[in-house]
Amino acid sequence: MPDAKLLEAFPTPAESPFVIEHVNEEFTSVCPVTGHPDFGAVAVVFQPKGAKTGGRCVELKSLKLYFQSFRNEGIYYEAVTNRIRDDLAALMKPDWLLVRTDWRGRGGIRSRVFATSGDVPAHWLK
Amino acid sequence: MPDAKLLEAFPTPAESPFVIEHVNEEFTSVCPVTGHPDFGAVAVVFQPKGAKTGGRCVELKSLKLYFQSFRNEGIYYEAVTNRIRDDLAALMKPDWLLVRTDWRGRGGIRSRVFATSGDVPAHWLK
Amino acid sequence: MPDAKLLEAFPTPAESPFVIEHVNEEFTSVCPVTGHPDFGAVAVVFQPKGAKTGGRCVELKSLKLYFQSFRNEGIYYEAVTNRIRDDLAALMKPDWLLVRTDWRGRGGIRSRVFATSGDVPAHWLK
Amino acid sequence: MPDAKLLEAFPTPAESPFVIEHVNEEFTSVCPVTGHPDFGAVAVVFQPKGAKTGGRCVELKSLKLYFQSFRNEGIYYEAVTNRIRDDLAALMKPDWLLVRTDWRGRGGIRSRVFATSGDVPAHWLK
Amino acid sequence: MPDAKLLEAFPTPAESPFVIEHVNEEFTSVCPVTGHPDFGAVAVVFQPKGAKTGGRCVELKSLKLYFQSFRNEGIYYEAVTNRIRDDLAALMKPDWLLVRTDWRGRGGIRSRVFATSGDVPAHWLK
Amino acid sequence: MPDAKLLEAFPTPAESPFVIEHVNEEFTSVCPVTGHPDFGAVAVVFQPKGAKTGGRCVELKSLKLYFQSFRNEGIYYEAVTNRIRDDLAALMKPDWLLVRTDWRGRGGIRSRVFATSGDVPAHWLK
Amino acid sequence: MPDAKLLEAFPTPAESPFVIEHVNEEFTSVCPVTGHPDFGAVAVVFQPKGAKTGGRCVELKSLKLYFQSFRNEGIYYEAVTNRIRDDLAALMKPDWLLVRTDWRGRGGIRSRVFATSGDVPAHWLK
Amino acid sequence: MPDAKLLEAFPTPAESPFVIEHVNEEFTSVCPVTGHPDFGAVAVVFQPKGAKTGGRCVELKSLKLYFQSFRNEGIYYEAVTNRIRDDLAALMKPDWLLVRTDWRGRGGIRSRVFATSGDVPAHWLK
Amino acid sequence: MPDAKLLEAFPTPAESPFVIEHVNEEFTSVCPVTGHPDFGAVAVVFQPKGAKTGGRCVELKSLKLYFQSFRNEGIYYEAVTNRIRDDLAALMKPDWLLVRTDWRGRGGIRSRVFATSGDVPAHWLK
Amino acid sequence: MPDAKLLEAFPTPAESPFVIEHVNEEFTSVCPVTGHPDFGAVAVVFQPKGAKTGGRCVELKSLKLYFQSFRNEGIYYEAVTNRIRDDLAALMKPDWLLVRTDWRGRGGIRSRVFATSGDVPAHWLK
């Protein structure tokens, strides 16, 4: 089941602001209604705080394990997206954070969900 | 025929604002003049109100059945788009809503129609 | 319902053999089990007999109307493909004929079906 | 020759503003200098006035016939674009209108021309 | 775990030979060494025997459930491919059968595996 | 109207066999039934005879003018293709010749036609 | 060598502002250090002044000849771009002008250069 | 190891501001944890100061050698990006500078990092 | 330096013949003349002998380490390809084996090299 | 002018047959009629003889310089292709050789020419 304790962070290497995007195209969870698997991609974009104010970045391997912990969880698209946003915002307390999920589709409809924390620049919101 | 009563909604799972996009690439209705079928894609993008103010999200399977109810309806591109906008705005009363239809073309001309409700961010309007 | 009587043919304009391919990317029928619509493409490739031996070509508008006659028919992928092959082979009695259907997918699986009449050259069989 | 009288319009179906884009990828006219044909695409994007203030939309088939009336006209890229803008603005008196032409190229140079009427939103201007 | 008993078949609808391809782009199993999930696509192509000789086709929904039964199985690429080939060949006894798996890659290397039964035409073998 | 006298040829520059392909993506003629323009591409592929046996190649500018002579001709897809094949075969008497036309589609159906002269290698026939 | 006298202009056909983009994908000059040829694309985008204030547009064939005059010139990427900007700004005195060059790359690095005159809208600057 | 002394600059050829983008798709360094190589692309975008105020541009071949000096260095994505930003900002003191790295992915996750100096226009920040 | 002892093999899991393709898009070595790095992709395709006759498959992680051992080797394209072919043929003694390298290009020329062992089916040779 | 003496060869590194393809996408010559430059790509594919029988491979940098020697030569597509074939066949005396040129097009027509020496496998001839 989803487990935020798998997530680890390291101190940001710079005082000046910069932006990181991680995209995992191999995300899978389970539809809580039908029990069939859902497949999609998850993108995480954020600007860590500066080093002097305790800025932190999520560690890549821990992020992978955290994503894998959703594998057998019955959970809706919207809840996946909001949960990842909440867990990563709590971990890093970044200047801003965007979580974007992109689902392969069911019944002929494909979906995307965008959840944010802080003031995400407009050019990232689509 | 198009039937808004097929649509169902569920309470938004979050208080903080987030955005959902559903795209159906298997939409078909009938041209009211020639009787030939039209084929296209319908995208719905919206930001539900927060949970405390009664925010609601359209349920995915009901959306699929609602789209299928246009299958044998004789109706123009513009009317399809405005009708879906009206039905979904009435169902969810979202912060904002965009309906974008993209038609495969007739007589060598392909068309898109954009109908909105509320203040849709500019980066979604194309 | 599918209606082969909609199909019309005209005499081939040449004695020397030639090949014609028609592709319709706007084909739709209905799944006989679930009642949900199926969407796909249908390709027809054939070599008419020469003019002196009564070669005939399917007329394009009649082919379109014939394809539209499947719109509300509950019918499997395999049956659609074999039926079109049978109807067009009976209409044209070509040297050879290939019908290839390409379906958008259900439950995460997309399918293609290839039905032939006569000796179709190998380079057309995929 | 280009004939604005071929254009027909119908009343907009909505009071709330919406946007329509028509793209014709089969446009052809003739170079007035060399007499050789030019090939390109024409896109028309506009926001009709609301219904209560007499908003009108161009009818699709009439637009196709109007575009075909340029087929044997000797006329420059810039003049084609400005003429279509003028004719459609006179027909519909829309809130705003963009005409964008995209030419396949001559002498290794391909060109685009953008003509506007009213205040076209920036996201449409490229 | 992989379960061939989930597979169902139905009688082929035609006496004349035809070919069916099913592609599932949402296949996942687990690496038996690292425990990390593998992601890939599985294609199944076959020619059923004719109806009079007991030809059978795999049923689409049962195929989907069968593929899902590999979800938490620790199994190598090569074994996945050979196992699916064996299970489907036993189920349908087709004229010929090809199973092609296409894996997203680990350590910078992506892989494909092709397993066959019977005399698969050369144009399908890549 | 189509005018084979526009075509010019020059002697092949080599005794050893070689192959030439010319593709024109800006072909247009007129549908003889509806009077609407058709748009498509025409490809010509051929192997001239060797120089000592009088091999000839079509001159590029004359080919362009010949294609333009179909601009206002009412003529079917099949007839266009066979006519170009006949005119070029008469002009060049090549070892072999293929004419392939690829039409943008009407009524949702796009078409290709392949006409040959002599023994065209199989890898060119699709 | 580059020769601005090859450039010709004609009066703008409209009082209302419009925008023209010309793209030449067949640009070549010579590296002044190594003597090897450079290959790239040059795009010119501009808004001519209105007709009453003497607006002018560059003539297409003269632009082609001007670009060809760089063919054997030893000149850096940056100098090419600034020179074209200067020559065209002097010729047309447009409201604004952008010259964008896009080079195929040397030593594994591909480059683009953007030079402007006047107030180029932001959506053109990338 | 990374060596900023490899970098060379030359005076900007223009007083008016312009923008240069260099993209190297053949960047490689080493993961400091696993010792396996990382592969990616590095883009550098900047606006040099005007010539009168001492504006300078990085020389292309020196940039290539500088990038190659990371080949056997164990260094994180974030550190690579910030280091290149620092070294180039120190070399050129440009009006603004963006370094964007795009990594091919490890463990199914691909990443991008954006580091800036000065006031980078918004259209470059994604 | 290239080290064939890094390669490991495991027994083929099947008696019936099957085919495996591994593609590594992150290959790098060094040009022996200039000392600059080369970048490319390496594909290995083979059919192992059956299990009873001692068929073996190369182990994926060992293949990755073997490829990495070329990282700082000065070696020509042709020698890389022939060496990998020789090392893998010696390791697995397969029914047949193809090694295909695809290089990103130097001086505007990109190259591919194909080396084989045994009787590789024609559809793999391009 | 084209200069075969620029070409250099080195002994093939292997006794067993293998295949090499070089593609130059930056080829330019001049049209002998109009004086305008032509742009295209040149591909060279060949199988050198084995080492014991004196097999030779063209050296990459010399090939680049040889291609550049056509830069200001007025020469037809067909002559370019046959000349390169003749020069490379004389240099290497390979088992077989294919030269394929692909031209960007003039007057709306793009062309390819294929010249061969020896018995080129069919899968390379398109």
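Letters A, B, C, D, E, F, G, H, I and J mark the chains as written, and numbering starts fresh at 1 in each.
Heads up, the rule we're going with is that a contact is a pair of C-beta atoms (placed from the backbone, for glycine too) under 8 Å apart; a residue touches a chain by one contact, two chains touch by 3 or more.
Not measured: the values here are computed from a predicted model.
Peer 1: On C-alpha atoms alone, could you tell me the rotation angle mapping subunit F onto subunit I? Nearest 5 degrees is fine.
Peer 2: 145
Peer 1: Have a look at A-H, A-C or E-H and name the one that copies the F-J interface, over half of its contact pairs being the same.
Peer 2: Checking each pair in A-H, A-C or E-H, only one repeats F-J, namely A-H.
Peer 1: Over half of the interface residue numbers used by both subunit F and subunit J, so same, or under half, so different?
Peer 2: Homomeric contact, different residues on each side for the most part.
Peer 1: Report the inter-chain centroid distance for subunit B and subunit D in whole angstrom, where each centroid is the mean of the CA atoms.
Peer 2: Each chain reduced to its C-alpha mean, subunit B and subunit D end up 27 Å apart.
Peer 1: Taking each chain's centre as the mean position of its Cα atoms, how many Å separate subunit F from subunit H?
Peer 2: 51
Peer 1: Cα centroid separation between subunit B and subunit F, in whole Å?
Peer 2: 46
Peer 1: CA centre of subunit B versus CA centre of subunit J: separation in Å?
Peer 2: Subunit B and subunit J have C-alpha centres separated by 56 Å.
Peer 1: Could you list which residues of subunit B touch at least two other chains?
Peer 2: Where subunit B meets two or more other chains at a single residue, that happens at 25-26, 36, 39, 104, 107-108, 122-123.
Peer 1: Can you name every pair of chains that touch?
Peer 2: A-B, A-C, A-E, A-H, B-C, B-D, B-F, C-E, C-F, D-F, D-G, D-J, E-H, E-I, F-J, G-H, G-I, G-J, H-I, I-J
Peer 1: Which residues, counting only subunit B, touch subunit C once they are in their complex?
Peer 2: Interface residues on the subunit B side: 25-26, 28, 36-37, 39, 68, 71-72, 104.
Peer 1: If you look only at subunit E, which of its residues touch subunit I in the complex?
Peer 2: 76-79, 81-82, 106-117, 122-123, 125-126
Peer 1: Can you list the subunit A residues touching subunit C in their complex?
Peer 2: Those residues of subunit A that touch subunit C are 36, 39, 104, 107-108.
Peer 1: Quick check on the complex: what are the subunit D residues that touch subunit B?
Peer 2: 12-14, 16-26, 57, 60-61, 63-64, 121-124
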